[in-house]
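Next come the structures, one after another.
In what comes next, chain A is part of two complexes: it sits with chain B in the first one and with chain C in the second one.
The block that comes next holds the complex of A and B.
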């Protein structure tokens, strides 16, 4: 089984872009549309890495991350935050939450793959 | 200069023009070409993405106005799909996400200038003829662009408290 990545974002567009970015890699992408769903999927699938949006309805990314880090089973899963906000204040707040990295939207798919590849192993799919 | 004065002195038009160019180039590989000041164009059937922002020192909203045709082209570009396969829900989501990213960049500039605020999730308006009127005391900036020779407008309503 390849690397399991959980994409948590309320935007279908961003989830699709994330899936597309890893289509050439041996990855299994699972998705959630808010933090509440994200926690449930994380508990069920035990992903190798979580890509987490900040601003979402129902439960935002900061709350999900706080609950994730308080869970003894899930707290070791590395998280990359995807944020539309690049301000110093926001970046510092994200860093304090214990994320491994962050990516500011708009982003290139290649940069996303590069950042994920620095944290978990990514293998290119073998073309028959 | 106080934080409030620093935020008030931001060149909103210049900031937004840069943010829009960045978003369109990075996410869509398209150019948004600034146009001279003027009234809101007649789009025919229109779609508007909207995201609010608010904090102790500032509140307001960002609106991105597009014709349905241009919105469909942007959705195709972002999702790398052909037009017949794009649903209205997907078009709404793409317009909402573009508005969200633009507002996020604008919010970052406000925060860095001392006017931190939070953002709402995006909302979408569709229709043939509507205007969004600012409340009394709210500053309105309207920026016009062309993308693929089609008109597009970005409108921001902002009030410093």
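The block that comes next holds the complex of A and C.
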């Protein structure tokens, strides 16, 4: 089934870019448009890794991360923040909640793949 | 084990540190009781910022000879300290915009004098995003409909003709604006002006005006690339809360 990655971002554009970044890898990308949806999809799909934006409507990424880390079943899922928020206090606060890495937008797709590959196994798709 | 410092995290995550000069000036201005002379001294020591300050204080002047406000101190009194925030952060903002377009679109933007760029004569795309908190402000992005289609196609990796849905174009423009404004807001927070970024709004319009509250700073910027021109306007009003 490959590596399951959950992309939580209110931007359809970013979710498309994330899907494109992993198109050559044996990955299943699932998506959510806000933190509330993200928690529901995480509980249902049990992804191997979550890519999480900060500024989103309905429920922001910091709230989702807080609830995720308080959930005994979901708290072990590694999270990479994928956000334009790079302010010192935000980075420190988010790091304290427990994230594995932090990637500031704009980002190169290769760097995203590299950071994900350091945390979960990524297998290139076999071309028939 | 103690929590890691920001610098340790920045190194771990590969984050770009905020330039010290920007931090120094923005933190100084962010103090509501900032000393004007102290700020004037820092600005006077930087010819580029001094020139930009005097240019914004004399918006109708065609050349420096036409300036009516000629000293940094007078320009600060005329423009307000909100303007200094923009002066300090103008360069990081321009760099954030250029980096965003280079990284996500493969487009090299050149910063140009907005007065030298012809305004749009027909309906165009207007992206707006605001932030609120200790500082309040707006970032506006204006570009032609064709230009918006071009950048949406670039970011999505498709041909502009394949973009049938306007929402795809609007979402791409909104996300680019979100990235640029997010970088700007992060600098505000680092200066002590904690603010929250709101969701971008993308519309079509033929009219554009900005109401600037007293004490707010406003900066107009323009950028060009092959087949593309865009205007960026930033308005920030510091100390709107506590």
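Definition applied: the second predicted complex is superposed on the first by the 128 of 128 C-alpha atoms of A that agree within 3 Å, B and C clash if a C-alpha of one lies under 4 Å from a C-alpha of the other, contacts with A are read in each partner's own complex, and residues count from 1 in each chain.
By our rule, a contact is a pair of C-beta atoms (placed from the backbone, for glycine too) under 8 Å apart; a residue touches a chain by one contact, two chains touch by 3 or more.
Bear in mind the structure is a predicted one, so any value in this text is a computation, not a measurement.
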{"item": "Room on chain A for both chain B and chain C (clash or fit)", "value": "clash"}
{"item": "Touched partner set for A:92, first chain B, second chain C, both or neither", "value": "second"}
{"item": "First, second, both or neither for A:84, with chain B first and chain C second", "value": "both"}
{"item": "More chain A residues in contact - chain B or chain C", "value": "C"}
{"item": "Which of chain B and chain C A:20 touches, first, second, both or neither", "value": "both"}
{"item": "Touching partner for A:102 - first (chain B), second (chain C), both, neither", "value": "second"}
{"item": "Touched partner set for A:10, first chain B, second chain C, both or neither", "value": "both"}
{"item": "Touching partner for A:59 - first (chain B), second (chain C), both, neither", "value": "neither"}
{"item": "Set of chain A residues, in rising order, touched by both chain B and chain C", "value": "10-14, 16-17, 20, 55, 57, 83-90, 105-108"}
{"item": "Chain A - residues contacting chain B, complex", "value": "10-14, 16-17, 20, 55-57, 83-90, 105-108"}
{"item": "Touching residues on chain B, where the partner in the complex is chain A", "value": "22-23, 26-27, 78-80, 89-90, 93-94, 96-97, 100-101, 103-105, 107-112, 116, 119, 121"}
{"item": "Partner chain C, residues of chain A touching it in the complex", "value": "10-14, 16-17, 20, 55, 57, 83-92, 95-96, 101-108"}
{"item": "Footprint of chain A on chain C - complex, ascending", "value": "3-4, 6, 9-10, 13, 15-16, 18, 99-100, 103-104, 152, 155-157, 167-168, 171-172, 174-175, 178-183, 185-190, 194, 197-199"}
